[in-house]
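To keep things simple, chains are lettered A, B, C and D as they appear, and every chain counts its residues starting from 1.
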Amino acid sequence: MRIAVQSQPFELGAETEAFASAASGAGAIVTFTGIVRDTNQRLAAMDIEHYPGMTEKALTSIATEAQARWSLSDVLVIHRHGRLVPGEMIMMVATAAPHRADAFAAAEYLMDYLKSRAPFWKKEIGADGAEWVAAKDSDEAALQRW
Amino acid sequence: MITVLYFAWVRERIGLPRETLQSSATTVAELVAELVAREERYALAFADLAALRVALDQELSSFDAPLAGVREVAFFPPMTGG
Amino acid sequence: MRIAVQSQPFELGAETEAFASAASGAGAIVTFTGIVRDTNQRLAAMDIEHYPGMTEKALTSIATEAQARWSLSDVLVIHRHGRLVPGEMIMMVATAAPHRADAFAAAEYLMDYLKSRAPFWKKEIGADGAEWVAAKDSDEAALQRW
Amino acid sequence: MITVLYFAWVRERIGLPRETLQSSATTVAELVAELVAREERYALAFADLAALRVALDQELSSFDAPLAGVREVAFFPPMTGG
């Protein structure tokens, strides 16, 4: 398992390749990558605040729970903080498992919990001011399927 | 002494990211009441507890949780990572 | 959309990076990669036979259906045929979407249909002979959730 | 003239990947009956139709489908890609 919380960019291709190569015995690899999206051409930047210390603990706890629930050979979580611009990658998770159902379920679980239980807060910096992104009811509701 | 941390718009409303204070509060709710009584900016930040989350020593907790033995309390809005 | 049916290996990292970079406007990228797994240390190789012509048609049709069902900015499917050894990557799919639920659902849909509706057949070459992999009831059953 | 293709163990049992033949069959099932009547290896390959799939002009189809206008018929076991 590797959990990385960092301000610098990560290389999606290199991370994915390294993760897959190291996951010996796995038959299935799933990755998820989140990208800063400019929904209305007015987003200048996205500031991501986090809670140093708790962030790593929360991500480790979520990944550990995923490993307890599904048969996984490995888990990777990378999440950036600081200022990002549209098109930049915010975060990625990767799961390796003997079978595809486990790899998919664990990746979706990681994302659902990471969204609502890891201490990150997004602020959108736009042309007409800055605004904290509101948590969505649908994200909280997504936890109930697990 | 207890360390209190604020994040996101809670931090912005209160105007500081952290402070260390002496408190006789035995629960999170009591600590919030002490803070709210201090200054308007705290009252503003804690106006709607349903819009807030609390972590005790870096674990998500609840407003009725006891503070005995807790060294670090953090207040923040619902998380929006991912 | 890109559909590739090929005998030569593909570079997971480079494909993933290129797919994510090209998917402008997407907020979520999901990839799935299938790897030849040697479950009991007795698998020497995996032969993958396919139906040239129909394979490309079937994969295109599955990807087109996924694009009709979910809001996707792009879809990639790469599937190898010929002889592979344990540890080699068999195939990958990638989906790009504005939101994560669509990217995940479409990737799982692509995998479920690709497994049971694209004309590929696997033969395991082992120390004590060769055997065609039997289709699993669970793979056919997986289609019923869509 | 119709082209008939065989894949995986169907190909191995029949001993060839494709053949072109003249048939008066009007449905897939009739074509199968003609093939089965030809030689033992065909009978062996088509012994259990539930274990077989058929594609007409590269589209999955069924054994009761008509053959009118069809140029390419393929027989194979359930797919195991991915």
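The rule is short, and it goes like this: a residue touches a chain if its C-beta (ideal position, glycine included) is under 8 Å from a C-beta of that chain, and two chains touch if they have at least 3 such contacts.
Keep in mind that what you see is a predicted model, and the values were worked out from it rather than measured.
Participant: Centre to centre, by mean C-alpha position, how many angstrom separate chain B and chain C?
Facilitator: Taking the mean C-alpha position of each chain, the two centres sit 48 Å apart.
Participant: As a quick test, compute the distance in whole Å between the mean CA positions of chain B and chain D.
Facilitator: Roughly 72 Å separates the two chain centres.
Participant: Centre to centre, by mean C-alpha position, how many angstrom separate chain A and chain C?
Facilitator: Distance between chain centres, rounded to whole Å: 23 Å.
Participant: Among the residues of chain B, pick out those that touch two or more other chains and give their numbers.
Facilitator: Counting only residues that touch two or more other chains, chain B contributes 82.
Participant: Residues of chain C touching 2+ other chains?
Facilitator: 34, 100, 111
Participant: Considering only which chains touch which, how would you classify the arrangement: line, ring, star, complete or other?
Facilitator: Topology of touching chains reads as a line.
Participant: What is the complete set of touching chain pairs?
Facilitator: Taking the chains two at a time, the touching pairs are A-B, A-C, C-D.
Participant: Residue numbers of chain D touching chain C in their complex, please.
Facilitator: Spelled out, the residues of chain D in touch with chain C are 5, 7-9, 11, 55, 58-60, 74, 76-82.
Participant: Tell me, which parts of chain C touch chain D in their complex?
Facilitator: 34, 48-51, 53-54, 57-58, 79, 90-91, 111, 114-123, 132-135, 140
Participant: Applying the document's contact rule, which stretches of chain A touch chain C when the two form their complex?
Facilitator: Touching chain C: residues 11-18, 20, 23-39, 87, 89, 98, 100, 103-104, 107-108, 111 of chain A.
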